[in-house]
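Next come two complexes built around chain A: one with chain B, the other with chain C.
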Partner chain A sequence: MRPFEYASPATVQEAIDLLGPTWNDAELLAGGTDLLSLMKDDVVAPKRVVSLRRITSLKRIEVTPTVVRIGALVTMEELTQAPEVAAKFPSLVIAAGGVTSPQIRHHGTVGGDLCQRPRCWYFRAGYGILATGADGQPLVPRGDNRYHAIFPEGNAYYVCPSSLAPALAALEASVVLQSPEGERRVPVEEFYRIPRTNEEREYVRQPREVLVAVEIPNTGLKNATYEIRQRQLLDWPLATASVALRVDGGKVVSARVFLGHVAPRPYRATAAEATLMGAPLDEERIAAAARAAVQGARPLSGNQYKVQLAATAVKRALSSLI
Partner chain B sequence: MDGQKHDRRAGPPRRGFTRRAFLKGSGAVAAATALVPGSRAEAQETGPKIYGPGPVPIRLRVNGEDREVKVEPRVTLLDALRNHLNLTGAKKVCDRGTCGACTVLVDGAPTYACSMLAIDAQGREIETVEALGPDHPMVQAFVEHDALQCGFCTPGFVVACTAFALRNPNCTVEDVNRALGGNICRCGTYAGIREAVVEAARKLKGGANA
Partner chain C sequence: MLKPRFLSTAWPDRDHRVWIGHEVDRVDGVLKATGLAKYTYDINRPNMAWGKFLICPHAHARVKRIDVSRAEAIPGVRKVEIIQGEGEEILFHGDEIALVVADSEELARDGVRSIRVEYEVLDHLVDERNLDAIPRDRLRPGGRRRRGNVNQAFEAPTTLVVEGEYGIPMITHCCLEAHGVVAEWESEDRLTLWISTQNVSGMSGQVASAVEVPAGNVRTICEFIGGGFGSKFGPDRWGILAARIARELRRPVKIMLDRDHELLTAGTRPSGFARVKVGVDRETGKVLAWQSTLWGTGGPGGNGTSISVTPYIFTGIPNQSREAYNVRANVGPRRAWRAPNHPQGAALTMTALADAAAALGIDELEFFLKNVDLTDRPDVYTQELLVAADLIQWRKHWHPRGEGGRGPIREGLGISMHTWGGRPHNSECHVHIHPDGSVDVQLGSQDLGTGTRTVIAMVVAETLGLRPEQVNVQIGDSRFPPSGASGGSTTVGGVSSSSRRAATDALEQLLEKVAPSIGVRPADLKVSQGFIVDKNDPSRRISWKQACRQIGMNPITGVGRQPDPEDQPLASQGVGGVQMAHVAVDVETGIVRIKRFVAVQDCGLIINPKTARSQVYGGVIMGIAYALYEECIHDPITGRRLNPDMEFYKLPGVGDVGELIAHLMMGKVTVRTPDGREITVDYDEPGVIGLGEPPVISPGAAISNAVANAIGVRVPHLPLTPDRVLAALAQKGGLA
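After this line comes the complex of A and B, so read on.
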């Protein structure tokens, strides 16, 4: 790990004042479960690390009639234990509980889960987020791509590693970002973007912004997440599906279906949503939606198996709502 | 380039020259060199203090005692424990928060000591495997159930298992299976570990009530 300065501010404002205009100036430290590994591997090398741990305002879960606001420093363990979250958003609790290492659950935070960097081994080995070879061409399609995207975008073949993002996106949640210019809200669905260069980040948060909370509207949608993993413990899932829908008069009147770990962002399966709309949520319709969810998948040489897994995840997430 | 690289290259112990003494010595040299650029803390007028990148004095509460060490902000809690406080029970294996061999308790929660900065662990209650001692019910249960083979993962397992057992006194083997997702044993002693945890959990509960 390269040397860096350390500061531990007591307020978000103080933290923002310690950040710089580029990612090399400063990184935010929450649970440290990802940042320290990235620094040890020299994937990021900030001049300063700003620890958020003293900022108590980021550790709260607040419930109002219209919204549940979860502070960025709420840990995955706290999220799984919060009755106010479990009652309304089982989808989120399943996703948080899927982080199966108690050590990670006790220190990994909601903000850290959303801002963790992709697990793509080319990225982690120093080839950049777009994993570019010496010839300027992407390495993933011609390399070992068994865990990569089946819905790549441009030259981005990594998958979004966040456990919570698909569930939050399905629930129409937003992240709250605070910067010197003030506060802004970005739907989780739009929080991730495709970097144009290896220097850009894969999310819209800027170097001087702090992700302070996520806000989930209290819309009363039925919701569920289903994760498929190779090993039961410790690893990231291979494919997940998060669904949120409203059923009225025996028919689905609104549906949001997001896939995780199959694309550089949480992948919105619009064809699956269209399949569900206006029909009863039955076995036949669920099977059709699962097939529709993976329409247009463009698997690579080593990850064809993920197409079936993603479809199955959709089927099982929806089936759990019947 | 940090301490771990030297560690791997240090090679086998030589006569009159233990590996640990070598590490301590080389650490002192590194610290002395790094002191030259010094801390920029003095330059700052307002806002929270900025520490480092050179060594800074920090205070850690470890096993009920306040301990002072001088480390760079980049030093992990694990390296501070092992290389500065001579608490070598927590092991450095993957150093990436994956294997669990470095598990300690921080404010009662199982923690990868490799994934926490020492400077960030100030003001928290840190407990290492050394605090448990040979008579601890979990340690005893590990012995009785043959829950180790090479033993390198064992300190991390014992700490993680103790954290879990204290919260789940009536756990079953299935509960333990899921609860120990943060530790890996490459010898495959899981069967013994599961039984050890279930038994120790009941004893720990009895101990707490007594």
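After this line comes the complex of A and C, so read on.
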């Protein structure tokens, strides 16, 4: 870890003022469960670390008739314990509870989960987010890619690490970003992007923006998440599926299906959604949707198995709704 | 030693044991649970400097240029030592290039980061799974053995021939306490070394010669150690460097490996892969022939799994033809890993045999029972197979291979068997009985977490008629009389023998002192629950305290040794064990869960069944780890280790290990076989035998066999991760 300046502002505005125009100027610190490892491994080396811990306004969960607003500093554990979340969004509670270490659930925050950096072992070993080899070519397709994307995009082969993101995307949630220019809302589905260089970030948030909250519309969708991880504790999912549906008159009238941990962003399985639309949610339809979800997968040399895991996750997430 | 003259050292028989054979809590349990136990990592000395290594990021490279000037210029950096400089060839990712010693850990890291090294990157080999793809110059012959005539046996019409390939990858020790040391010079030529080691008595000499002082001037201390598993016998580079630089800087130096460095450099278990052909008699189910080609790597030096363990245990197979190759790979060098070679032997043998049983279409239990006479201890294995089968409810849960149900979750059972030596190591022990009645026991041994302290306290308490907590066991310091290194499961046999003899010797001296005051001959006295009693008239007795008051000014010192040619042996070697796994496999995800795991183990006379059982649990958990999770993953392009961390170098948590049942064979056991024979074995009779290693040998094979039983196809290579399980299912033609 390199020496850095530490700041602990009391308001979002002060925090924003402490940020700089580049990622090297400053990083935000929430629970620190990811940032500290990134700094220790010298993957990031900000000149200043701006802690959000004192900003109490970021720790609230607010419920209005139309939206549930979750402050960025709400911890995963608080999220799983909040009755207003549990009742409406079991999908999200499963995803947060799936972060299978009590310590990390108690420290890790919603904002931190969405902004955490990919766990790609090339990225973490210093090869950059695009895992570029000495020859300038990406290492992942030629390397050991057992945990990488089956839906890669461009030269991005890492998987988006956030378990909350697919669940939130399925629920049509948005993140609220605050900068010197004011506030903007970005759908979680559009929050991640594909970096073109190793210097770019994998999300649209700018260096001077703070993620202040997540807003989930209160639309009463049936929702569920299914996660597949090898170990019960301290393990990353190999694939997840989050689904949100509206069923009317025995038929699916709207469907959102997102896969996690299989692509550089939460992967929207539109073919699966189309398969579900207009039909009853039965076993046969679910099986078809599961197959459709992984249509077009482009697995790498070592992650063919994740195709089946993703399909299984979709099947089991949907089955839990009938 | 003073030869016992009127007391026998023989272990008391079952009816006369107060402590031995009874469940006793660890004497240091509270210290460990509360953090009062101090490990090497916890040692911090005034004015101490920290050392951090720069390690090589390449699997194979030559150092072209190294520039340490920027590190040396950092205020607070006190010393930069180049370990492998210009022109040196580096053979694996993680090998040490330079050491920076600075006023703080952070400054030392800053120093490491500012060293500039230019490497010439050379060709590497990090993937040894496919024998045909390994360049010839990377292969070294590992031996050839022949017996009988395999071809004739394979060709006989009554022979069923089964072929397969099996593999068990390189893993690391992953000691929770990394390797490390604190070195401090008391004067120009007197060194104290706190070092995380399995070898307290053997350490000082190794370090002393490197720093050129007399061996007696180096004091080694290791009171508690957070795991060694065979990787902590020597001082290592860090031990020697810490000692040398501490002298140069005239201040204590601490070096503890970082987690990545620990996993990269501090020891690996060699891999083993084998193509195996087994011939069994279709009628009798007896194994007739074994043919194997074995290969594996133990790092740059080659030294893969030894040819001696394929076939494992079933060494009596009449026709054998086997060959082995060692692969020189650019991966971390091997060190002894808990039961060296045996886990590989089991994983390559018991799997092939179980596949033969499945091909024959017979019950795996029946198959192993039929073939136990091909092992060295048929009676023991027969008993243990039957006991384990009861505990896992074999008859209830067993089904032919692949018939594990219809839904996504398939269950299966699997078996493996193992053996180990566990002879007693050399040990000397001093027992001091003080005039105030307190008792000190001193030996230069170490407690790897196995319960050594507790066992010594129990043996001495048993001998002196006291309670274990009245015995102050002092170990972990080279100033105490020498004991062997804790490797090969040799400790309990060694220290129990020496401490039994020392306590007996001390007691004789005490009885001689007090006999006149009771008015009997010393030989007429015995100890019992804190009293010294006249054997002929139990009403004539004095308390331990009263007796000790008669000692005089100086304590009594009893001396005991192992071996002791004058005395009967108290320990021996040679054990068996049988393990059975009951697993549930999700065939849609490839995830394997352990439902129940039974470990039946003998190890001679068991002093403390409680800590013995803990050893079995620990071994089994470590075995489940390499069966399901652990592997060193290397990047084919860069040759780097990709998972030198505890995130992707996966270990199980409590939720992953299922229900564990450890059953110890103790005393005289009679078992009736299915065909009505009665087999009796006296497990206490051989005396004390070590146990640390055997329970870790079988889980890989037992779990692999259970998975094959569940899903109807062999997953050839460990660990049984979802990708491998699903690939095996796909080869078989889709879902089971």
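As a working rule, the second predicted complex is superposed on the first by the 322 of 322 C-alpha atoms of A that agree within 3 Å, B and C clash if a C-alpha of one lies under 4 Å from a C-alpha of the other, contacts with A are read in each partner's own complex, and residues count from 1 in each chain.
In this section, contacts are C-beta pairs under 8 Å (C-beta built on N, C-alpha and C of every residue); 3 or more make two chains touch, one makes a residue touch a chain.
Not measured: the values here are computed from a predicted model.
In the superposition on chain A, A:Ala125 makes contact with chain C only, not with chain B.
By the touch criterion stated above, A:Gly133 is placed in contact with chain C alone, chain B being left untouched.
Touch criterion met: A:Met1 reaches chain B and chain C at once. Using the contact criterion defined above for the overlaid structures, shared-chain residue A:Pro9 touches chain B, although it does not reach chain C. By the touch criterion stated above, A:Tyr305 is placed in contact with chain C alone, chain B being left untouched. Of the two partner chains, chain C is the only one touched by A:Asp144; chain B is not.
Once chain A of one complex is fitted onto chain A of the other, the partner contacts of A:Leu234 extend to both chain B and chain C.
In the superposition on chain A, A:Val253 makes contact with neither chain B nor chain C.
By the document's definition of touching, neither partner reaches A:Ala274: not chain B, not chain C.
1-2, 232-234 are the residues of chain A that lie in the contact sets of both chain B and chain C, per the superposition on chain A. Against chain C, the residues of chain A that register as touching in their complex are 1-2, 42, 119, 121-122, 125, 133-134, 139, 142-144, 146-147, 228, 230-236, 238, 302-305, 308-309, 312, 315.
Interface residues of chain A, counted against chain B in their complex, comprise 1-10, 14, 17-18, 29, 31-33, 36-37, 39-40, 48-49, 51, 53, 77, 100-104, 106-107, 232-234. Across the complex, chain B meets chain A through its residues 2, 34, 40, 47-54, 72-74, 76, 95-98, 100, 103, 109-112, 114-117, 119-120, 160, 163-164, 178-182, 184. Every residue of chain C that touches chain A in the complex is listed here, in rising order: 106, 109-110, 113, 121, 588-591, 628-629, 633-638, 640, 642-643, 647-648, 650, 652-656, 721-723, 726-727.
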